[in-house]
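In what follows, a structure is listed as structure tokens, so that the remarks can point back to it.
Every chain is named by a letter (A, B, C and D) in the order it is written, and numbering of its residues begins at 1.
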Amino acid sequence: MSSARDDAHAQVGSEDVTRWWSTAVSDIEPGVIRLRGYPVQQLIGGASFVDLIWLMVRGDLPTPSQSALLERALVAAVDHGPQAPSIAAARMAATCGVGLNNAMATGVNLLGDVHGGAGQQCMDLLAQVVGRSDVPLEESVADVLSDLRAAGRYVPGFGHRFHPKDPRRDPLLAAVQDQADAGLVGGEHLRAALEVERQLSAGRARPVPMNIDGATAVIYSELGFDPELGRGLFVLSRSVGILAHAWEESGSGRRIKGPIPPPLLPAYSGPPPRDVPGVSRSAS
Amino acid sequence: MSSARDDAHAQVGSEDVTRWWSTAVSDIEPGVIRLRGYPVQQLIGGASFVDLIWLMVRGDLPTPSQSALLERALVAAVDHGPQAPSIAAARMAATCGVGLNNAMATGVNLLGDVHGGAGQQCMDLLAQVVGRSDVPLEESVADVLSDLRAAGRYVPGFGHRFHPKDPRRDPLLAAVQDQADAGLVGGEHLRAALEVERQLSAGRARPVPMNIDGATAVIYSELGFDPELGRGLFVLSRSVGILAHAWEESGSGRRIKGPIPPPLLPAYSGPPPRDVPGVSRSAS
Amino acid sequence: MSSARDDAHAQVGSEDVTRWWSTAVSDIEPGVIRLRGYPVQQLIGGASFVDLIWLMVRGDLPTPSQSALLERALVAAVDHGPQAPSIAAARMAATCGVGLNNAMATGVNLLGDVHGGAGQQCMDLLAQVVGRSDVPLEESVADVLSDLRAAGRYVPGFGHRFHPKDPRRDPLLAAVQDQADAGLVGGEHLRAALEVERQLSAGRARPVPMNIDGATAVIYSELGFDPELGRGLFVLSRSVGILAHAWEESGSGRRIKGPIPPPLLPAYSGPPPRDVPGVSRSAS
Amino acid sequence: MSSARDDAHAQVGSEDVTRWWSTAVSDIEPGVIRLRGYPVQQLIGGASFVDLIWLMVRGDLPTPSQSALLERALVAAVDHGPQAPSIAAARMAATCGVGLNNAMATGVNLLGDVHGGAGQQCMDLLAQVVGRSDVPLEESVADVLSDLRAAGRYVPGFGHRFHPKDPRRDPLLAAVQDQADAGLVGGEHLRAALEVERQLSAGRARPVPMNIDGATAVIYSELGFDPELGRGLFVLSRSVGILAHAWEESGSGRRIKGPIPPPLLPAYSGPPPRDVPGVSRSAS
């Protein structure tokens, strides 16, 4: 019976076990903490928190201009109010008797493909446009938009449910343009996004401007992040708002906060009252 | 530098590693799955799902009467509507582009000390009452209630925010009474809970009847479960409602469902508009 | 400034708010709890826990044979040991100072497309095979397998990392066969799965038998569940094992249990030690 | 039946609903995003990410020296390797077919009272020491330590499982000392923590130095944060490491990564093989 277990012990030593958990992110030994090779005691004071974010996910420290651009994107997305399900869920969690970390995890868990993934999808779109060096930008964008339309899909990163124009768009794009003018970033993802915006708005009474997901996607793309990391960086940024809201709610003294105030009750749209077959009505 | 790592490999073999993950719950080898010693192929068809719940957390199969009582408690608590934050959060999650498992985890994560813990706390209270064999029940209950009052705390398991009388109370307590009459359970936790209810309601216009947490606490206590498992069993039960609601919402086609319908906006109670120091107003 | 808020209040009344949370699952009012129209007090004692699972996600009570088949699938999948990341994560969580519900949520959260989704994907595959009434089963299966192979994808629900033959396969399939023979289920999904198994194993030294995901996918498909619910039902089942393991670990007294026992340390594969630019070495 | 619902609609208008979700954190209207009163477009470029963290949880922007001290604490705690259950769980999640946000939530969810709460508890301890102005510091610390010893509890924030001396201690405390010398922080929490360290180490061969939780607790306390926010800030910091590790693992191509490498199997410590009563052995 236990021969499978014994055989395994013979084949696999503890070196294999520690290799199973191998990492290039950090090197921890008694008295030693190195992050991507750098001693943590040098990083404390020697690097900013935004530098650390870059270092940890990219493997090397950013230049000052890279760090500055990343910082703007992180600042821009910290919060969009309790109307967002991630924030609302974290606030409700804070009234349920769980730790602040659990409330934060609840909010983060909701930043999925639809709620937190538009930036990542916009980065994919921009990469697709920029990747076509064979045709002019205008044509490349038209093709991509036509494909999306044919598939009946949204154009991620453009338009907003209620902001006619997202106030975060202009300062973010202006910062990218400045760095592009100075040769600090390539600028091709910015140009691609502006062309998408132009084509989407052409001939419409109400334009379809880039939203926060689109504008941060431009920044993350210009900085060379993988699209999936776009989601991760958004999570780091929005975690700040999630914390602020969970903390505010935990100070309210409310217990088991539901989505709507009592005595309001959710409407009911199901079958009318009925009896369980075989159970005498007196049981009710 | 790597001597700490080398020393560790010398001291700790792969047997220590598999022992680190040692368990008495299940025994898995190639071609073999035994749960608490029983071959899974015998359990399939040979035991009910409720039997399995008991087996897995208690270590042995229940008697038919134990299984029947546990089943009633599990049935009773499956759902209490989207007004509950756990259900609301799971429904919102289902519109955010995450898996059904992530939506369920979101709901379960909210069943904390306040939202899901009253049953566990009521079990602790009943254990405290029953544990005092030196004084009559009436006195033991009076002492415990007096302590809670002095500490300014709720009496967990009694009263309800909006049910004048919880419809689940009577059928659950009747089932316990039947088993107590038949000598299948001891009945002392039932008697303790009824005495708490009597004393809480004495002299009040509106009685304070046992709620679902109290009634299931009686069952779990009579069946010998540890109080903390009371929470675990409640989670298993409520997971059914969480799944049903998340699934219903995922069929609605809504995206990023917030707590209140648009165009409603959360009220704002913070500081009035102001400028960031040192930033020229033209930036806005 | 607040005109948007005022306008919203004028357009949207509290009826719209309660409709936003409308549900057909349960009807909760003071003194009333009805699940899919049935009074909860009749369901307690009048329906099994498995009946409730069916009722809540399907909207109506199952027949006894439907309930029996569902019960076997739920029993079969409760646990597969701490080697599974969902179980390991829940056990580690239980040592970190969070509630049992948080530990369970941690495990459930990991049952994603890869870890918990094979059943759902197998249901999609079986639906695709069964949906082609124009060609013989053999051809329909061959086409579907050929498409998967061309896409470089796994065949979900078949083969296992270490069980040469999953001990849960036979009793589950035998139960379906019995119900098919008695005309209680159609049997077409069973036949489709067996044909997939036959074709996958043809000409191989080591057969590729159906695993637990495949065998439960057959049951859920025969019972008419939506594929996405396959995941949900698996989560309910595996939650039992997650609870049992988290509970066992919480009794161990361990604090902050890592994946490998101390003093073992994860291997490090990153850059060698280096200095942070511009930081004097004395800082280290 | 629906009179409870109708009454509720009569009593509660949509203004009450938006007030239920009232917040002082952010003010969102069409075209407007203000965080704590500041227009987001001024904050982008006008404030650092660390400033935003302070602003969001405290309500006002920090001074440059406050921001600098907070930044060091946030940098210091970003990662401590995959040995930590939060990191290990996030890495395993990343191989299970869930989103990067779900993997991050999994890690954050584990930063509970034991794994992520020592800093918060140390802040409580320092507040207790500092709050006693009636006795000399030495006596106040002795009393607090004596109480902890009597209760059989750890002294949170001091000592480490394997760092003889945590390399993050000195640079963090030096930064606080510098600001105390310059009159930028009061310094009383630093003095309290150093006295705790002194008394804990007195007469021992191996000293019990402050660890990362203790050193960051000093900073957060000196900066006037509520102890519970100590946990929240730690979560923000460690989320960076959680992201980096989840991202690294997602690039490994592994599927369903367990805690130990195959073919190792967890040890089994439960009852020996046995038959389910009433099931014929042929069933196995």
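Note that a residue touches a chain if its C-beta (ideal position, glycine included) is under 8 Å from a C-beta of that chain, and two chains touch if they have at least 3 such contacts.
Because the structure is predicted, anything quoted here is derived from the model rather than measured.
Between chain B and chain D, the least number of touching-chain steps is 1. Contacts with chain C and chain D are shared by A, B. With every chain reduced to the mean of its CA atoms, the largest distance from chain B is reached by A. Between the two copies, chain A and chain D, the Cα superposition rotates by 180°, quoted to the nearest 5. Chain pair with the larger contact count among B-C and A-B is B-C, by C-beta pairs in contact. Centre-to-centre spacing of chain B and chain C amounts to 20 Å, using the average Cα coordinate of each chain. For the pair chain A and chain C, the distance between C-alpha centroids works out to 25 Å. Once the centre of each chain is set as its mean CA position, chain A and chain B turn out to be 31 Å apart.
Across the assembly, chain C contributes 4-5, 8-9, 12, 14-19, 21, 23-30, 32, 39, 41, 43, 45, 47, 81-83, 88, 97-99, 101-102, 105-106, 109-113, 116-117, 162, 167, 171, 259-260, 262-267, 283 as residues in contact with two or more other chains.
In the complex of the two chains, the chain A residues touching chain C come out as 14-15, 17-19, 21-29, 34, 36-39, 41-43, 45-47, 59, 61, 97-99, 101-102, 109, 259-260, 264-279, 281, 283-284.
Those residues of chain B whose C-beta lies close enough to touch chain A in the complex are 1-2, 4-5, 8-9, 12-18, 29-30, 32, 81-86, 88-89, 92-93, 95-98, 102, 105-106, 109-117, 161-162, 171, 255-260, 262-263, 265-266, 283.
Remark: chain D residues 4-5, 7-9, 11-12, 16-17, 19-21, 23-28, 30-33, 35, 39-41, 43-45, 47-50, 52-53, 56-57, 71-72, 74-76, 78-83, 88, 99-102, 104-106, 108-113, 116-117, 162-165, 167-168, 170-172, 175, 228-229, 231-232, 235-237, 239-241, 243-248, 250, 260-265, 267 touch chain A in the complex.
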